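Below are two complexes that have subunit A in common, paired first with subunit B and then with subunit C.
Then we have the complex of A and B:
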């Protein structure tokens, strides 16, 4: 990649930076980070399905709910009360199985029709969450048992864990769990995209005929894309449940599915880094807007009815505008912008067609578009 | 550089001689329109067989039957002992039948990505192994990438290996399709107008590649092409289709002089005498040669004008 900075150093630096926040920031910021990480995991999954395999899904919220509620039920009371680590693992598999059950539909229906079919999942899921009281707790939801792995609890156990002089509560601990899960997601998803399955999925998106003729089993790969994407969604659901400490049906509505679509579009379709960046953008923005509402013009504090726009609505307007701007000026999303900025900053970089390039100048005013 | 995949670097399909590809009485109908009418021909092992005919004669339909995209209403296609008709396209690909498309169908991404797609049936790594980057999957990918690079060199794409396909010229993209098909290590290669829209130098280059792979890999090639010069130079045998029917078979020279072929391409001098085929067939050798020359001229000019 970069000539001057070795890739390993970049990764190490990023890891160090990401490990720092629990020591400096308070719970509010950590929670934003946690939600962003969970969203990033889910968005990577949707990116794989919609961005890479080209299957439009509006049902991502459903698979998130399966993960979140699956964990809560499996680990909690009432429920089997399994060890929480096992429950988390099973919840991910459960989400994958749900995706697998839906895949016969996904195998038959294409494009916008598939989008509408997945929409049904969200409504179905929401209805079940509201009515299956014994499992889901109905309208009020359920509290989520904290995860504990090998005797180490990722909740407020009052144990008074102190690291480097900082008391480690649930948020601090979950931060590292979230980082680990996100890193795992990142690593596996990039492996998938650059490997045989990723190429097969991309081929399906670009031309099913060509993919089939090159030996790609179309039905099987379409189904697998759904299963894998749902498993990432399930993992995101587990992390979300742990971060919220309570799962409620209303969170897993259509708006959430749309949020995830927004994430991958803003980030740039077909890229892991893009999905993660879009997830942070879409998740963090409303929360930050809510926090700093009083300092923004035309935005009123939550709860007041003086007219003007509430912070949550303002955040939605803003990211609605962001989607439109991205689609208009950078259809390849945040990843595309980063790529272009990078090529601009490195005029001497090895270009694909060096012969036609003008001599390297420090500042290039215009990038030749292919 | 050897064209044959070395087993050490890449697991390929090392078949001694490709099996015979037999098309038997294949009929395809689209809502009353008979696109192919009991078409039969055989591609001899290791030969270059051209399929020619005017536009709409059913050449591409025939390709779609061979690669499993269309199912014929009757008749069958056999590759050696295997029956191809009724198999899904990906199964046919796995049997070693690779094809290119008339209109280029590449995927996004680099040339390398496209060629690696061609290695799909020859590799095994699944979702789990790839996601977890198991050593087996990593090793497999590396071996296949090396082979894909070899094929890129063979087809003249080595310098473009990491270039996104979208940035390539038309001729190069056409070549990417050919290289991708070769990446399957096919036993039978179906080429749908491999040089359409190319300039003279590009045509010569592609013809050379086809000639080389056929000579060195010993695979059978079925070729649809309008460039008659190319067909005459490369083909061992030619089948002519017109309105979905086989009207002639034979060596390029025989076909060039076949009265039915001349009629299909040029029209009979007087349509009112069309029924008198017997007279057309018994015309003197001199006039047939004259017509043959005319066909050559027509097709040559067609080739140059593109």
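Then we have the complex of A and C:
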């Protein structure tokens, strides 16, 4: 372990690498990055709830919607028209409050039942988004006012901001906002997971009775896991709204909730890095497949009428298959795979990974068949 | 009064079809502890087979093939994908998420085949109606009630009188003890999945029959409404699924029938009313109306 590169250097290098794209890549890639960052923030929140606290939630899309619509209404017209920074902050609080309002259910209902109960949030929420026209704009949604902090606008203000010879439009500016928010999310979530609350939640997941005996306040922790997770979802919703520049009800359906569940499962339950990696995978895959449809075998370009598999469909096949394969063959997801690869690559490891099978000669007795 | 009776009959017919789907959820959950999110696409698969085959085989033949094929698909899904790995209790959650992945793949494939079409299933009821006093009912709805009652009766008889039913109940009670008594868990499980698949294919026929326009790619989403029905009754209780389904069917029909009185809640509230009822019930009884109260063993 002693020859490892110091951790600070790794973090610094990663930060530098993440700051580079706006200077080299065009808007298409930046948008993929933005959506991935927003998804990562939301996925970290769901990972906290489902991966660490063990509460299955299919209602994440609802809390994303609260964040996105909350910001749009609070900052926009019709609406109070608050300063946009304040509106973003309040939207996150609003999502947290929505999670808190659900806590009577979340505190009592368990396991699969909770999963289906949260499903209700998505459907009821979608209904409200469609019917409360004056706030949400109904079926067609609303356009999102750009965020501006201290006079600096994160939209296309036509000011012609140029940094190092690169004109900075909305995507470039939002990229750095997204990075800052993601870094904050990462840092707070790791703090939560490694500190007392994280241990209490993990204890709850493994056995509620045992956790209660150890002095964990079961109902309070279950409820607060929901609130914190909804606040991350709200923040992700705000960032998504800013990136999309328009919010529509149909985006926040059950499919979105399932996407977030897929992200944390593919990434590996209970890990912040895994949730972020899963978010990038699930978000970027369909966008990339659509873009490069004409160069992929077996995939037809969008718009062609002849039979064959379109890029969106191909992405959905891959994505469904990825969920199944990851869960069957690598239940701890991408994090588990990297961990295994790392153990293999490090020859000085004290013990071989338990996953490696003993060689045939080492097997002396036939194992009893289960 | 006529409007009220009309809503009640519609609700019963809807509830009967939901019961076929919800019973599938319950049978699968009892046998394997998994909530099958792929049920909607299994249902769509059954309906699609009937739509494709009814020209060549006739409606009855197509339905028979479809029921068997859907049962086989569900059984294969359980045997080949879900029964891998060790049967520890935590695995049920993981397997539940596996069914989400399976659903995405199946649904994508079926939607691609169906496209924007409306497929007819060639059912014998067509758009004929029957007058019962002052109320007019579609024949397909009466058939839905009758066939569902027969199918559900048969399933309950299976539970009660066959050795498979006994094994299933024993396995649901205590998996380990059942295995020690010689119950072949994997086979009991697989048969439960087959049964649920068959019920889903049957439900598809009535969901696509008049007054619905036909089978669309969104037909499978109706299985999502059977979620509240199954949860409401308690996921471990077949009679609960029946009661929950009727309650959900009636709620939906009444909310749609009295929409003008309920316009405060917005247009199309009938579609989401089942979820509101479910949340209200779960607040009072967290494991549903007839669900097993979980007792923690220390």
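The rule is simple: the second predicted complex is superposed on the first by the 345 of 370 C-alpha atoms of A that agree within 3 Å, B and C clash if a C-alpha of one lies under 4 Å from a C-alpha of the other, contacts with A are read in each partner's own complex, and residues count from 1 in each chain.
Following the convention adopted for this analysis, a residue touches a chain if its C-beta (ideal position, glycine included) is under 8 Å from a C-beta of that chain, and two chains touch if they have at least 3 such contacts.
Bear in mind that the values here come from a model prediction, so they are computed numbers and not experimental data.
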Practice prompt. In the superposition on subunit A, see if there is space for subunit B and subunit C together, and answer fit or clash.
Written response: fit
Worksheet item: Thinking of the overlay built on chain A, is A:209 touched by subunit B (first), by subunit C (second), by both, or by neither?
Response: both
Worksheet item: Regarding the shared-chain residue A:200, is it in contact with subunit B (first), subunit C (second), both, or neither?
Response: first
Fill in: Partner chain in contact with A:9 - subunit B first, subunit C second, else both or neither
neither
Item to complete: Check whether A:317 is in contact with subunit B, with subunit C, with both or with neither, and answer first, second, both or neither.
Response: second
Discussion item. For A:115 in the superposed arrangement: first (subunit B), second (subunit C), both or neither?
Written reply: second
Item to complete: Considering only the touch criterion stated at the top, classify A:149 as touching first (subunit B), second (subunit C), both, or neither.
Response: neither
Worksheet, complete the sentence: Vertex subunit A, Cα centroids of subunit B and subunit C as endpoints: angle rounded to a multiple of 10 degrees is 80
Worksheet item: In the superposed arrangement, does A:189 touch subunit B (first), subunit C (second), both or neither?
Response: first
Item to complete: Tell me which partner A:131 touches in the superposition: subunit B (first), subunit C (second), both or neither.
Response: second
Item to complete: In the overlay, work out which of subunit B or subunit C sits against more residues of subunit A.
Response: C
Worksheet entry | Closest approach of subunit C to subunit B (Cα atoms, Å) | 7
Discussion item. Does any part of subunit A touch subunit B in one structure and subunit C in the other, and if so which residues?
Written reply: 209-210, 370
Item to complete: Would you tell me which residues of subunit A are touching subunit C in their complex?
Response: 56, 104-105, 108-113, 115-117, 119-120, 123-124, 126-128, 130-132, 208-210, 254, 258, 261-262, 265, 309-310, 313, 316-317, 319-324, 327-328, 331, 370
Discussion item. With touch defined as at the start, can you tell me which subunit A residues reach subunit B in the complex?
Written reply: 187-189, 191-192, 195-200, 202-203, 205-207, 209-218, 224, 228, 270, 352-353, 370
Fill in: subunit A-touching residues of subunit B, taken from the complex the two chains share
67-69, 88-90, 93-94, 98-99, 101, 105-109, 113, 116-121, 123, 125-127, 130-133, 137, 140-141, 162-164, 166-167, 180, 184
Practice prompt. In the complex, go through subunit C and note every residue touching subunit A.
Written response: 29, 35, 81, 84-86, 93-98, 100-105, 108-109, 112, 224, 227-228, 231, 235, 265-269, 271-272, 275-276, 278-279, 282-283, 286-288, 291, 294, 296, 298
